[in-house]
Every structure is written in structure tokens, then in C-alpha cells.
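Note that subunit A is present in both complexes that follow, paired respectively with subunit B and with subunit C.
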Partner chain A sequence: MNVLSCSINTLKGLYDISGVEVGQHFYWQIGGFQVHGQVLITSWVVIAILLGSATIAVRNPQTIPTGGQNFFEYVLEFIRDVSKTQIGEEYGPWVPFIGTMFLFIFVSNWSGALLPWKIIQLPHGELAAPTNDINTTVALALLTSVAYFYAGLTKKGLGYFGKYIQPTPILLPINILEDFTKPLSLSFRLFGNILADELVVVVLVSLVPLVVPIPVMLLGLFTSGIQALIFATLAAAYIGESMEGHH
Partner chain B sequence: MANMMMMSSSKALITSSSTIPPSPRFKLSLAQIPFPKLPLPKSPKSHKPLTLPSNLNTISVILASSLAIAPPSLAEEIEKASLFDFNLTLPIMMAEFLFLMFALDKIYFSPLGKFMDERDSAIKEKLNSVKDTSVEVKQLEDQAAAIMKAARAEISAALNKMKKETQLEVEQKIAEGRKRVEAELQEALASLESQKEETIKSLDSQIAALSDEIVKKVLPVSN
Partner chain C sequence: MKNVTDSFVSLGHWPSAGSFGFNTDILATNPINLSVVLGVLIFFGKGVDLLDNRKQRILNTIRNSEELRGGAIEQLEKARSRLRKVETEAEQFRVNGYSEIEREKLTLINSTYKTLEQLENYKNETIQFEQQRAINQVRQRVFQQALRGALGTLNSCLNNELHLRTISANIGMLGTIKEITD
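Coming up: the complex of A and B.
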């Protein structure tokens, strides 16, 4: 028994250091509603990073770009390219939406992997990527749904709803179901990937605190970037799909 | 004690499974190990069915504390864990995203996009203007070729002229020289002729005297 309790104590110490805290939230009360404080704090940091870097880089554009401006021009061209391939020639008005989607998710994911959030101790829960919380991913997915409905309705008016009986009216239930599966798959894909990535890293760190987790961390960075790209590309694809003409 | 019992029970499970030859049942028994092993059911509250978050967490904890048992305090924390906890955060995140979209559009997408488009069109314009000057360049090239042609023609004409002039001069000089030489030759010939005549004349007179002497010398003998 003595040996057992001793091992339990050491393990508890290890556990406290590695700190697997899944589904723990730092609750704030706003007018009788509960809010996940850690998500809001990290999202503010992400927004501050994005706005700050963009302001600094684009403040005074030069004809021959250098440094930050060059990077931001590259990013903008990348976003335009993604929107253009998915939406088509009328991609212009959707660049801010797709671009913000990509940048916000990308910076959120990478902030969870790169920024040392753990330095800041919270009374409950811990700071992590904002996309680690289901509320964020569902919010983004619902906005995507609203965006593609808006795109279809402004382009084709009420004729947009004609797409539900498009090949045959038999497919009506499936077409309606699609409108629910789209945000569901978008949000859960992002949420699951980021959460799983952080969990894997935390578990590996708790098992072997040296060297071994580094490849997994790099893989996590890669996955985070891919997830941001997938989310933005799919959002653009849905918008393009609802805008294209059904013959 | 409970822990010890659990340990023994898990051991018994493993040993029993090891005696059975590899079969689907073996896998099943292995998968069942984690659930009875964990000391989760401490309070009556925790008797509710296991949710996804606690499952995830138990798996990770099992990985972390491989063979040993998780500390009891963990169980309480796991109970409170809620992954799918929707609340006011969702609309707030929506609002934040929309704010970020408009802000980024104002300070990044629109200004830089406009700037890039303007630069593109400026470069295109410049390229087009460069294409237009190619006509001018061609004209200039033609002019240069014409000038070169004219210059060549002039040079060749001058060369020809000079050649002709020099040839004429040379011919003239040759003719002059020839005339002079001929004149000199004539003179020389004439002087030679006159000398010949003179010598013949002098010889004639000498011949007469000689013949007289010969006659004189011969005649007395013949007389």
C-alpha cells in the first residue's frame, strides 16, 4: 500500500505539470449568461495580432514591396486565388469573408501551438487556441451557412430555392439535409482536429517530456494550416456552388 | 484496498485472456479493461453514462499513467468537464468574426487589393506604351539603314571617281613617258644614223686614199 500511494503521489505531480484539461472552462457571467472566458481572451489576442500586423505592414504601401508588405501581398494573392478558383469570376466581394475565415482560423490554430499560453494561469480551465472550443467553430460554420444563403439569394432571388428540387424532387430531403450537414461537418472537422492535436501533444509531453513530442508538434502545425485552408476553401466552394447557375 | 482489488481484477482479466488462443474475444476483453479499472464511480453523481469528453480524458489518463491508477481528485474534475457546452460564447464569437472581417477589409483587403490592382494596371499600361514605341524604333532603324546605304553609295562613288582619276593620271604619265622615251629613241637613232653616215663618209674618203695607195703600190709591180 505504501509503495502504491507513493507512486500515486508522483503521478499526481506529473499530472499537475502536464495538465490535461479537456472541456474545462473559465466561466464569466454576462447578464445571467455564461461565457467561456479563455476563448474570448485568446480570440482577442488573435484579433489584435491580425489587425496590428496588417496595420503595420499595409500602412504605407510601396510600389516595390519589401518585407511585411511583400508577405501580406502574397497572402492576399493566395486568398484571391482560393476564392477565384472556388467562386469564379465574381469572387471580388467574397474576398474579405474567405480571407478573414482563413486568417482567423490559421492564426488561432497556430497561436494554440506556438504561443506559451500556459504561462498565464487561470483559476479554472486553461488558455488554448480559440478554435479548440466548439462555440467558435460552430459560430464560424453558421456564418458560412448564412454567407452561402445570402450569396445564393442575392444572385438568384427566390429562384435559389429551386436548387432543392434540382435534379429530381425526390432528392428534396437530401438537399435539405445538406444544409445541416455542411455546417456540422465544417465545425466538427475543425474542432476535432485542433482538440485532437492538442491532446496528442499534451499526452506525449506527459509521457516523454523531451524531444519525442517535437515531430508531433510540427505535424500539429501542419495540420492546423491545412485545417484553416480546408475551412476557407470549403466555405468558398459552398458560396460558389450556391451562386453558380443551375440549368 | 479497492485499488488493490482492481489491480488484481485487471490482472486476472489479462491472465485469463492470455490463456485463450487469439480470437475476437481476446480483443474484446482488452477493450473492456479501461472501464472497470478506473476509480470513477466515487460519488452517486458520477453514475451517469460516460460522455465523450470523459472517455477522451480517460484514454489520455490511461496513456499517461500506463499501469497505475489515476488520482481520485482527477475523477471529480472529469465530471465537470464539458466539451459540447454551447452558451453566449457562440454569438460573441460571431460578432467578433464579423468585426474582424470589416476591420480587416478596411485596413488590409481593400486598400492593399486596390493598390495591387492599380500597380498591375500601371505596369500593363507601361508595357503597352513600350510596345507602341517599337514602331518608332523601327522607323529609326530604317532611317539608320538608309543613311548607311547613302553613305556607302557616296563612298563607293568617291572611290570610283578617285580610281578613275588616278588611272587617267597614271595613263597620262605612262603616255608621256612613252612619248619621251620614243622621242629620245628617235633622237638617239637619228644621231646614230648621222654618225653612221659621217663615219661612212670619212671611210669613203679614206677608202679613196687607201685605194690610191693600193693602186700605186700594185701598179708599179704590174707595170
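Coming up: the complex of A and C.
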């Protein structure tokens, strides 16, 4: 009897160790919708980090930038550079959009990789990077779709739809399909990468809690930065593509 | 055996869900690895001096601009002083030119005056000369008229007796003249 309970305990323990929570959500009921509360909480934290640091950085601007101001100017320059390379000469109005995308995704990803979210315990599910949830990435990808449609329509009016039959009308179905695959690929790429990163780290931590996960975590930092850059670059590229004149 | 498994279980123990709270399990919440990762990040982030480079670049740009500005101001100053010099020279030239013109005018007026005077003199001389000639002519004419009248008178009323009387009177007159002259 004793031996049995002992072995049951052992099994339970082993199960607990390898029990990684996926698909567990902390649901909030808002107006008939079930929302993922943990994602909202981490998003708010990310937004607060971004707004707070930006406010602190630009509070006392100097001619010769130092510290935070220098850093934020560098980030802005980087974003402008990305937008300029992808969109072209008329990149100016799109810098805020691209910058928002890049900064939000980047800080989200890195918050998942750097902040000890798991210290805070939720009734259900657990806190992680907001981009760890498909809803966030789909929202971002749909915003990108709306943005590139808006960019094309304001630039060329209804003539924008001429690009669907651009090389030949035979490609019409593929061109229409592209409008669906773009947000799909954007959202799935980001979601998959971040979820995979975090899962690998969680699994490794549950198996070997110390030292071993560190290289993977560093790799996760690298890939999440790259993913943010890819998302921003692709969004800018789509906007640029819909704005460029056809010859 | 039980102790070992218990410790093993507690090692992987997940606090049961249900309410908000803090997970105090150091191994599960993973702060050690996170701090190591953060430390590595900060260490290598410090090594990359993008921001320092940027600051240095901005400083250099500002310094260059200052230098260029200084140079430009200097050049402007130089150009201004040259302009001033040229202006004064132009002023001098203008003044000189005016005085030259004034002098020229005066000399011209003077020479014209002289010419005019000379012409006046010529005119006066000519007038005098003409006058003189006219007077002479008149005189001559009057003289001829008188002579002709006298000759007529003489021819009409000269007879021998008168002739002789005249001659004798003249001889007498000449004689007295001779006496006087002697």
C-alpha cells in the first residue's frame, strides 16, 4: 500500500515536472467576448514600459543626446532606416506605424524572454509575452493588412486594384490569395516563433532548471529580436509594394 | 526512498491554480537563469558602443558645423570689409570725378570767355576800322565836292584882273611867310 502510494506520488511528481501548460488561458468576460486576460495584462505592461521610457527619454531633450535620449533617437533612426529602405521616398507618414509595430513586438518578445512573469500567479494560465498568443499576432497582422490597403487606396484611388491583374490577368486568383496569405503568414510566423521559443525554455527549465536553458534563452532573445525586425520589415515592404507605381 | 521522491516532487511542484498570488518556487520561476541572461545581455550590450559612436558622430557633426559657421562668418566679415573699402573707393572716385568735371567746366568756361572777348575785340576793331573808313570816305567826298565847287567858282568868275589880284596877294602872302620863316 505504502509502496503503491509512493509510486503514485512519484508518477504525479514526474507528471508535474513535465506538465507544461499550453492552451490554458485566464479568461475575462467582456461584453459577450471571452478575452485572454493574461495577454491583456502583459500587453498593458509592455505599453506602460514603452510609454514610460519614451516619456522619460524625451522629457528633457538636449542638443547633444545622452543616455536614454540617445538610445531612443538611435531606435528612431533605425526604424526610419527600415521604413525608408522598404517603402521608399514617401516613408515619412508610415514611420509611426512601422515604429509602433516594431517596438511593441520587440518589447513584447523581450519581455517574455527577460521578465520573470511566472513569479505572478494567475487563477488560470500564466503570464507570458503578448506575442505568445495568436490573437495578438493576428491583430497586428490585420492592422498591417488594413494599413497597406489604406496606403494603396489613398495613393492611387481605385486604380490600386489594377495591380491584381498586373503581370497578367491569369494571376488574379493568386494575387487575391496573397491578400489572405500575407496576414496569415505574418501572424503565424511571429506566433509560432515566440511560442516555440518560450516552450523550449519552459521545457528545458522543467527538465534542468539551471544553466542548461541559458543558451536557449539567449538564442530566444536573438530570434525574438529578429522576429520583431522581420515583422516590421515585412509590414513596411507590403505598404511600400502597395504604394509603388506600376510601370 | 519516500523522502527522495518527495523532494523530487516538491522540486517540480507547480502551485495549484485558483487565485492571484506569487509563485515563490525559485527553480520554476527561473529568476536565476533570467538574471544570468540579463547580465550577459548587459555585458555584451555595453561592449557594443553604437550609442557612444552615435554621440561622437553627433558631436563631430556639431563641431564641424560650428567650424563651418565660424569660417562662413569670417568670410562674411572679410567680404563686408572689402565691400566697405570698395565703397569708400567708389565714393572717392565719384568725388574726384566731380571735382575733375567741375575743373574742366571752369576751364572750358574760361577759355570760352577768352575766345568771346577776343571776338568782341575783333568786332570792335572792325567796327572802328569801318567807321574810320566811312569817315574818310565822307571826308574825301566832301573834300572833292568842295574842290569841285571851288574849281567851278574859280572857272566861272575868274578874269584877268581878279587873277592878277589873287596872284599878287598870294605873292605878298608868300613873301610875308618867307619873311616870317627867315
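Methods note: the second predicted complex is superposed on the first by the 229 of 247 C-alpha atoms of A that agree within 3 Å, B and C clash if a C-alpha of one lies under 4 Å from a C-alpha of the other, contacts with A are read in each partner's own complex, and residues count from 1 in each chain.
By definition in this document, a residue touches a chain if its C-beta (ideal position, glycine included) is under 8 Å from a C-beta of that chain, and two chains touch if they have at least 3 such contacts.
Note that the structure is a prediction, hence the values are computed from the model and not measured.
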{"item": "Touching partner for A:134 - first (subunit B), second (subunit C), both, neither", "value": "first"}
{"item": "Touching partner for A:168 - first (subunit B), second (subunit C), both, neither", "value": "neither"}
{"item": "Broader residue contact with subunit A after superposition on the shared chain, subunit B or subunit C", "value": "B"}
{"item": "Touching partner for A:40 - first (subunit B), second (subunit C), both, neither", "value": "first"}
{"item": "Which of subunit B and subunit C A:206 touches, first, second, both or neither", "value": "both"}
{"item": "Touching partner for A:70 - first (subunit B), second (subunit C), both, neither", "value": "second"}
{"item": "Partner chain(s) touched by A:123 [first = subunit B, second = subunit C, both, neither]", "value": "second"}
{"item": "First (subunit B), second (subunit C), both or neither touched by A:113", "value": "second"}
{"item": "Residues of subunit A that lie at the interface with subunit B and also at the interface with subunit C", "value": "12, 14, 63, 73, 77, 206"}
{"item": "Contacting residues of subunit C [partner subunit A, same complex]", "value": "1-2, 5-6, 8-9, 11-15, 17-23, 27-34, 36-38, 40-41, 50-51, 54-55, 58-59, 62"}
{"item": "List of subunit B residues in touch with subunit A within their complex", "value": "3-4, 53, 56-57, 60-61, 63-65, 68-71, 73-74, 77, 80-94, 96-105, 107-113, 115-116, 119"}
{"item": "Subunit A residues within the subunit C interface of the complex", "value": "6, 9-10, 12-14, 16-17, 19, 63-66, 70-71, 73-74, 77, 113-116, 118-124, 201, 205-206, 209-211, 213-214, 217-218, 221"}
{"item": "Subunit B-facing residues of subunit A, complex", "value": "1, 4, 7-8, 11-12, 14-15, 18, 20-25, 30, 33-36, 39-40, 43-44, 47, 50-51, 54-55, 58, 61, 63, 69, 72-73, 76-77, 79-80, 95-97, 99-100, 103-104, 130, 133-136, 138-140, 142-143, 195, 199, 202-203, 206-207"}
